[in-house]
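One chain, subunit A, links the two complexes that follow: it is found with subunit B in the first and with subunit C in the second.
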Partner chain A sequence: MKKTFYIFSNGELHRKENTLCFEGDKGRQYIPVESVSEFLIFGEVTMNKKLLEFLSQQEILLHFFNYYGYYIGTFYPREHYNSGLIILKQAEHYLDDTKRIELARKFVEGAVANMLRVLKYYAARGIDLAPYIEELESISGKLKENSTIEQLMALEGLAREAYYETFNLIIEDPEFRLDKREKRPPTTRLNSLISFGNSLLYVALLSEIYKTHLDPRIGFLHSTNSRRFTLNLDVAEIFKPIIVDRTLFSLLNKRMLDSSHFVKELNGVYLNEKGRAIFVNEFENKLASTIKHDKLKRNVSYRYLMRMELFKLEKHLIGEENYEPFLARW
Partner chain B sequence: MIVERITPTLVWYYYICRREVWLMAHDISPQEDDNLIELGRTIHEHTYKDERKEIALDGMKLDMIKRSDGAYIVCEIKKSSKFEFSSRMQLAYSLYKLKEMGVDVKGELLIPREKKRIFVELDHELEEEIKRAIVEIKEIVSRELPPPPERNKFCGSCGYRHFCWA
Partner chain C sequence: MQDGRKMYVIMVYDIKVERVNKILRIARKYLTWIQNSVLEGEITDAKFERLKYELREAIDEAEDSVVFYLLRTTRYSSREIMGVQKGGEIRIL
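Up next, the complex of A and B:
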């Protein structure tokens, strides 16, 4: 099974004969190339073209993050799965408004339904979330009637706003309050955790898209404009509540993170290296955890569930089966 | 979509799963991180290294051509005999195409891991079956939608299994 490798320290990543080698402060570490599916690079890492050639040949992606943990870009090797039919269909579904909205609506529906699932879980454990659940349900009802991308985006924003308000009730640790969701820069610890978690989810999805015939540049809810990749943002909406948010609830309610894992810089609050390592570890555990899949009748990991979501999208695009978003059952 | 050319591999897929024929013909390729596909590729690359002569002819790739008692024999190398019937038909199709070009040869299926060789000769019956298959492959590929998934004994090891049942 291929794994995601995270590099937090500084050093040099290079090709060593037919394998990979990272040389940093802690010495030389060999990384068998067959064991890697992607790298997430947070440290200051030097590399050369020979390495990029090798990674491209091995179909390995490199995701880069800056000093503050912001996503900056991906080395996305030349496509290995090409299907003219899928690309044409993807573009057709973007250009045809009716088709585009139909898909965009599914992403928002999935996102809101999974937010509700999270809230209902905590409501069942005795937290009073009734007014929020009611509000999300009312928004969910309105999704069917709305007919423009902007309206769908606005409803999604409203849902998320109400949903984030509940975080102060769900998270027991008073050190982690979320007064207002802020991204650029994140001003509170919880804001920075949400932003960091979402970035990890975006790149995980991008890596899964690479393994399908889909083009990551053509999204449906998010417009294809100055952003390089958008399809991963669309699909991420569905998985944020059940992957990112659940990861951070478990990190905080188990008190695995505290103030010592954060730094305050540039008017913002960020996770430090140690904090990131803890987060990433819990996030990877979440992606690797499995649930029973109805149709396959066997257990699949959350990471693989994301790939299957993309397969469903491909089937929708070729006109075989209408896309229905994954809905968590607990 | 118009198929300009039916490849021998498409014939192979035809005898396993019709849906696979449609997907392949539309370049919706199976998952390559599948270990079995890797294994097949490795066997292909590392067996018969010395005698191997690969020939590409009119849209098909013949794994190996060897000479035996003055006659040429076209060989197809396979990982296992699990797909023996499909493989025989694939080879029969190559022989049929060669016959159309005016080359009458016999074939052999080689399964190095099992030390097996299976002789294939294009007789009248086999030729009729190939002609029938060609007509149906063309019909499947020209459809707007892929044939719906149907479970068969090959699903478990197929590179499309998660796509089909997602």
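Up next, the complex of A and C:
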């Protein structure tokens, strides 16, 4: 219900008359504070501490991205759902190898199953993906065996490599070929789209984590370190194929993006402001679209599905119900 | 149910000039400005009650008037605009 707002232009965001106001080139725009859950800021935006205080009180998150669209950080208001118990349980499941692998495996299983779901959808539309599907299925089989985190990560890497190879078959536009997945910096248009989409997903999950008792600093598949949030990266693995990849397939196969939406800089290729706005719009539509949920017997949005995933994780941690990853049905 | 029951409201008002700014200020916290004396937006039951409470404190019930049109969903509605579009929700700034 509360919504995400994106700021691509330059200007000042401030508190005004107990609500939010953005003043940029296009003039003054009021944003109803009660309708905001978070801001994603790409433009050069000025703000002051008074605004941060107000946002903190309203539990609104600010996610910042640099000029190239890389995520740089979040203003994460002092946790409002503080739970010592969940933090302890998260740490316990991280420190106990058996418990950690059990969870890490679920994330990889979910990721591979959802990649397969995407491939089977396109296979049913007449694209020959049989060898890739076979490969992913064999990887999926190997996940069940006892293994270490490193082995799981390696299998996940293999799965993703095979999966990314299919992108050239699925995407009709020859302008968007993927020869090799490259991240820093993304060297081709498709690479930059995947990177941008993934960072939007990481941030969306971080925002959902904020609405639970979980601590984003302790992940299970991704090793916890002193630098960054990792729990959102874990859960993102499950949703990348069905949210990010499907968004970009539909953008490209509907020819909504072309060369005019990209810029080449610093040996990399990046979306420009206009391209980002188109991407973000499609991504938001995806998150807001709903599917019928078997257990709840009602329609839920993909964004809510992500939050449910975190609730399931909480239940697992406190020993109420074993975590099973979300598997797309179509 | 996801985030409390929600609906879509259109708010129009006719307020004595000395209070009109105050009313706009309250409404802008919850709804999006569309044009003079008109705001609209999605809102939960609870927030709608809060909005009404704040307004009730600010208006003079003998002189002012605020009207809400409530839509359970916008699915069967459509909007036509003539002339200039003055305001409206923008989520990509």
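Here are a few things to note about the model shown:
Keep in mind that, in the parts below, the second predicted complex is superposed on the first by the 327 of 330 C-alpha atoms of A that agree within 3 Å, B and C clash if a C-alpha of one lies under 4 Å from a C-alpha of the other, contacts with A are read in each partner's own complex, and residues count from 1 in each chain.
Criterion: contacts are C-beta pairs under 8 Å (C-beta built on N, C-alpha and C of every residue); 3 or more make two chains touch, one makes a residue touch a chain.
Since the model is a prediction, treat every value here as computed from it, not as a measurement.
Taking subunit B and subunit C in turn and counting the residues of subunit A each one touches, the greater count comes from C. Contacts of A:280 after superposition: subunit C is touched, whereas subunit B is not reached. Once the two complexes are overlaid on the shared chain, A:5 sits against subunit C while remaining clear of subunit B. Contacts of A:81 after superposition on the shared chain: subunit B is touched, whereas subunit C is not. Of the two partner chains placed by the overlay, neither subunit B nor subunit C lies in contact with A:67. After overlaying the two complexes on the shared chain, residue contacts for A:35 are found with subunit C alone; subunit B is out of touch. Of the residues of subunit A, those at positions 2, 304 touch subunit B in one of the two structures and subunit C in the other. Those residues of subunit C lying in contact with subunit A across their complex are 1-4, 6, 25, 28-33, 41-44, 47, 90-93.
Residue ranges of subunit A in contact with subunit C, taken from their complex: 1-9, 11, 17-19, 22, 24, 29-30, 32-35, 43, 277, 280-281, 284, 298, 300-301, 304. Looking at the complex, you find that subunit B touches subunit A at residues 1, 26-29, 31-33, 144-146, 162-163, 165-166.
Within the complex formed with subunit B, the subunit A residues making contact are 2, 80-86, 211, 213, 295-296, 304, 307-309, 311-312, 314-315, 318-320.
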